[in-house]
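The following blocks contain the structures, represented as structure tokens.
One chain, subunit A, links the two complexes that follow: it is found with subunit B in the first and with subunit C in the second.
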Partner chain A sequence: MTQEMLAVQEAAEDAETRSAASPKKHNYKKNEVITAYCCLLPSFVLMMLFITLPLILSLYFSLFDVNYYLGNTFAGLENYGRVLFGTASKEFYRSILIGLEYVAMIVPVQLILSFLVASLVMKINKKYAAVIKVAIYLPCLLSGIVVGAIFSFLYNYEGGLLNTILEGVGLDKVNWTNAQGWAIFAVCIAAIWNGLGYNTLIMLGGLYDIPKDFYEAAKLDGANWWKQTVYITVPSLKNVGIYLLISLVVSSFQLYEIALVIVGAGALHSTEGPIYYLYYQFNYTKNMGEVYAASLIVAIVLTALSSVIFRLTSSEKSMD
Partner chain B sequence: MKKLVALTMGGVMLAASALFFAACGDGEQKTADGRTTVHFWCQTFTEAETLSWVQDKVDEFNESDVSKEGGFAIKVTFVSEDAWEQTLKAAQSTGTAPEISTVNYAEVALNSVEGYYTALDGVMSESCFTDLLPNVEEMTNVSGSHYIYPWFVEPDAILFYRKSALAAAGLDAAELTSWEDMYTFAKTIKAETDYEYGIAMPNSSQLGWVLWSFQAQDKNSLGYYMLDDNWSRAEVNTSFHRQLFELFKKMYDEDLTPAVALSSYNEITPLAEGDVPMAIGGSWSIGQIKNNYPAVLDDIGYVVLPTVDGETEGVTTTALGGWGLVIDGRAKHPEECGAFIEWLLGSDTTHLEEFMAALGYSKFAARTSVQTALAETPEASGDAFYNFVSESILPYAKAEPAYLWEISRKYADALETVTQLGKDVVSTLATLETDLNNLIEAEALAGTNPFHKQ
Partner chain C sequence: MDVITDKKIARDRILQKIGTAVLWLMGAILLVGSIFPFLWVIISSFKPVSEIQSIHFRFFPEVWTAENYANLFAGNSVYIPRGVSFVRSLGVTFAVAVVALVMSLIVNSLAAYAFARLNFPGKKVLWAMYAVNMFVPNIAVQIPCYYVATQLGLIDNFLVLVLPGVVYVWSIFYYRQYYLGIPRSLEEAALIDGCSRFGIYVRLFLPLSVTPFIIMGLSVFQGFWNAYIWPSMTVYGNVNLYQVNQIIAYFRNTQGTAWDMLLAATVITCIPLIVILLIMQKYIMQGIKITGIK
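After this line comes the complex of A and B, so read on.
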């Protein structure tokens, strides 16, 4: 290492020490401060109205036996007890397990597929890459209800595309959406199709961010594609990977509309995740306090899941 | 920059004010001529004719003296069946529920106990209630007060069939009376004709309430469907329920019925389009065939829903459902609501006569005077289906159960574990009985039956 480089390193370390000891004070003008707050205000108001306030109200109402007409009666933690240990607790735990099944089935496939497709897009001719990007992104523009409707046509027992093909080659029809084993796969495939484009584009953004110099240096050292992927690409994608992991876990756990349209109440509730459970309880339970309690427990489960992922991936280091 | 700041602040304050006033507004609306608007939510039904009848009648009412002299007008909003529950509940939670809404009889008892509805007795003439058919009056009367005014009643389950299919298989519909007959007919038709299936059995999402008709046939039940009259005990591990489960199991195991429902239970499409030779459907099915598939009407036959022992005359073969109107428990204009309901459903019989005719006499009157008036019209009195239901089904039909939906849902789930997972019938019913009794205990249902007179 040359003298010059040592000097630069020392200067950098020195600056870091100073900045850690006394954080730099910014002297913003009053106008700039007002503008900043004004820009933040709409988001803040919306966040208060649609996230914070409902959360506080849910917490409040979860402590009552809620009756919109006769008035609410304070119930303490009874509603939480009913959800966790009452007669309907079996359904609640089943829905949580189904949510975790969705996570286990969708997240790894989405991460691997989006990585592979993004890598493919990076390698091929720009003209074809654009076509692929558009093609895989289009399903993201569809709502879960529409995706469910499209896949219903595929899975339909009578006249559905898949069963028509099976019958065409002399095989028996399959009950894709009603038999317990198949229904959850049917829903997961539709969900993966729906989300692949978005995840691929995020992954692609991460790949574009990796300096080409790394690969060139690796090539000079004789690293093959596999080694480049393992030692350069994957570590460099850690931030993007954590973002995708968290968002995929949350969205998969909450999967609801696609299952509602494709399977509905069939298949012995085998596709009814936590949000479906809340939807059902909202419609049919007289005491809404129980629904508020259940929704908060689901939120706690989701927060816990995210925390575990952050912990396991040491994300505080990689995010720096 | 200042301009930008001012504009942003202004926009935010405007939005916040709009939200504030929207939340605080009492929802009082007036028509152009100053009349108070009373909101009426009507659930969309399968038959488009229902909606057009409602809209026409509301328009007619708003032009009537009752509306003008009363200083109010009705605004009807049609809400999709799929979104009904959550839309209504969201409105109830914010105090913006419509003052009048449609509801089916099964929901009325428990909801009225919870204060959801205003009693109609004080806002409608007494003659409206004395005119009700006795068995319908019982369905509307909760602890001495009427909370729903009937629009129509309709048997939940009748067995429809293609005459040509039975003829091709050499079968006689007169012999189709027991569950075993239903199975044998389905099997024979599948074997002897080109039909892929023998019958469309009810399936999945609507199974919970469609099974009420089968359950209603149980002569040895504890008293109130699967529960006793006091709602303190459930009993389902009996010979009757075992036979019912076995019937469904055989139908599925032998592919006599589609593994996945070909349509919603509310629609008779698979039978009308020739996909199945027999199908169980509500009385409304005949209206759909008359209005949407007139070409096949002559080929459609019907018998009462077969029973476990084949006895079908003078006995209950189906549950009796239907719809009526209720006034919200927090309605600001209950008198006006009562006046509208009385005008629409409780006075002039021609309103309901028109309705029954538009629906092809597939729905049935809940008032004696309307029934009498219909009997005097050649169209109704000459309608074979109308006469068949009026004579053979309606007098014996049993009101749908009013207990918690969870009970019906658990029963349907148990049946599906048998048909889809191949679980053993006896052990499934034993588990179900335990589950139901646990539910009764946990929800403290004993003594809560609003219809049970001690």
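After this line comes the complex of A and C, so read on.
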């Protein structure tokens, strides 16, 4: 009985504090505060342990020569210097360049293809479109390792499907996974297959959001399909496009698992992007400080890439 | 005059027909392109080893056989490393994904509830801290995270596969947004009836969270089922905890490829994901819409 009355009182107070919402005066209720901290405790502890603390440790250890046997000695910015200008820098820059190569090969193709496929799905009868949507999303569920496995089988030199087709057409067989020029190309095709469905569905969401009247008005003005696409569809997809661009750049730059399975250490390291570099260093380095420094530099490059894209595109937006 | 318009109409009709035909053709190509590589792996997984490795190409197996699957499950192949069992690894991966899924739903939604509904000192500061963590790139954290796991004595332990991936700040934001949309009148009635704040979470918010839980849960499960890098860093020394993707990657390494094992393992690993896609497609499509709007 008393409990019930207390609860009533509390509810009334609660309503009162909210209605007289003065930002400076807080009367917290002890029960509520305790409940709140208990609710936050598990996520807070895990977040600190596995996100915040590692970040701080990484910043801290990147300033040290970390040696398992000799202990840590303070090195200032030497680790960053070694990664950027020292003996290890050649491999580091090569991996960054390969990451950028992935970006250059995958991102434009993904954007254009996903736009085309999404426009196609828009035109198709709803019932069949649902089937296509599920089918193109299937590859997106698979891990990089599995995608790598599927495509290495297609790329197999002797008796692989792709080479059989090439031979059937009368062309020479290609050593997809070991030839210098072809290996990165082979990896990119697999990556595009892996990501296309997701990007298409995002595009499709953007297309559905464009009001139909825009097109009707344009038709009345005599605009053809091309003009409608250039003046209505593409500008309306700006936000979706920015989102896709950033997420594609970030994910392509970090492509790792697909290349690992398809190429492995073959093709003279022509597919080893930044993540490959970091994990290789992680496994074999004598000085972990360098790896921490390198991982922070990669993280900074990634953040910079996405913020540059964001700036560029949003500054354009403010103009129109 | 009439002749011209008739001709024009006829021409338009033909153009339209060609247009639809092209559309259908492109749709068909798309469908085949998306599914075919996978289908091809399924078909080939039923070939005996000699046929898989044969120079002579055959689309369908000459002899349909399930021996690759039998060998994989029985551990009957020289390519399977000592002490590794694919069946066990399937079980462990599934256990990791389910435990992580349940923990992630509870831990993140609890935090979201506190931020959406409770008043407490330091709310703004804490909210800002969570927001900052949302933008920390994974790559900056993963390697030092290994160090933290070492210090906690978690290496080669079941928990190391689960714990670091549980908190996903973006999902806290998503749940919070969802909870802010729930009318307060519901919980006021419960408060009057003497329900505690925590009781409200359990009896009111949890049952109302089914849809966001399914949407988020699907991607959490997928993430853990597909994990490769983190497990290969942290449970390297304990074959009992190997995840399925680690084993698949092992079947194709620098020494060579065990095609029979690779194909069978790939197909088996995909099955749960495909089943989920077919059953939950509605929620998956909804989830994609949400990430896109972000």
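In this section, the second predicted complex is superposed on the first by the 255 of 320 C-alpha atoms of A that agree within 3 Å, B and C clash if a C-alpha of one lies under 4 Å from a C-alpha of the other, contacts with A are read in each partner's own complex, and residues count from 1 in each chain.
Note that in this section contacts are C-beta pairs under 8 Å (C-beta built on N, C-alpha and C of every residue); 3 or more make two chains touch, one makes a residue touch a chain.
Quick caveat, the model's predicted, so the values are computed rather than measured.
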Touched partner set for A:F282, first subunit B, second subunit C, both or neither: both
Touching partner for A:L70 - first (subunit B), second (subunit C), both, neither: first
First (subunit B), second (subunit C), both or neither touched by A:V169: neither
Partner chain in contact with A:N31 - subunit B first, subunit C second, else both or neither: both
Superposed model, subunit A: greater residue contact from subunit B or subunit C: C
Which of subunit B and subunit C A:I150 touches, first, second, both or neither: second
Partner chain in contact with A:L161 - subunit B first, subunit C second, else both or neither: second
First, second, both or neither for A:C39, with subunit B first and subunit C second: both
First, second, both or neither for A:K133, with subunit B first and subunit C second: second
Touching partner for A:T52 - first (subunit B), second (subunit C), both, neither: second
Subunit B/subunit C common contact set on subunit A: 31, 35, 38-39, 42, 49, 156, 158, 264-266, 279, 282, 288
Partner subunit C, residues of subunit A touching it in the complex: 3-4, 7-8, 10-11, 14-15, 17, 26, 28-29, 31-33, 35-40, 42-44, 46-47, 49-55, 57-58, 61, 117, 120, 123-124, 128, 131-139, 141-146, 148-154, 156, 158-159, 161, 164, 193, 196-198, 201-202, 205-206, 240, 243, 254, 256-257, 260-261, 264-266, 274-275, 278-279, 282, 288, 291-292, 295-296, 298-299, 302-303
Of all residues in subunit B, those that touch subunit A in their complex: 1-2, 4-5, 8-9, 11-12, 15-16, 19, 85-86, 89, 92-93, 95, 110, 114-116, 203-205, 258-260, 262, 275, 329-330, 405-406, 413, 416-417, 420-421, 438-439, 442-443
Subunit B partner contacts - residues on subunit A that touch it in the complex: 31, 34-35, 38-39, 41-42, 45, 49, 67-70, 86-88, 156-158, 175, 177-180, 264-269, 279, 282-284, 286, 288
Complex contact set, residues of subunit C against subunit A: 23, 26-27, 30-31, 33-35, 37-38, 40-41, 44, 53-57, 106-108, 110-111, 113-114, 118-121, 123, 126, 129-130, 133, 136-137, 139-148, 152, 163-164, 166-167, 169, 172, 188, 191-198, 201, 222, 225-229, 233, 245, 248-249, 251-254, 257, 259, 262-263, 265-266, 269-270, 273-274, 276-278, 281, 284-285, 288-289, 291-294
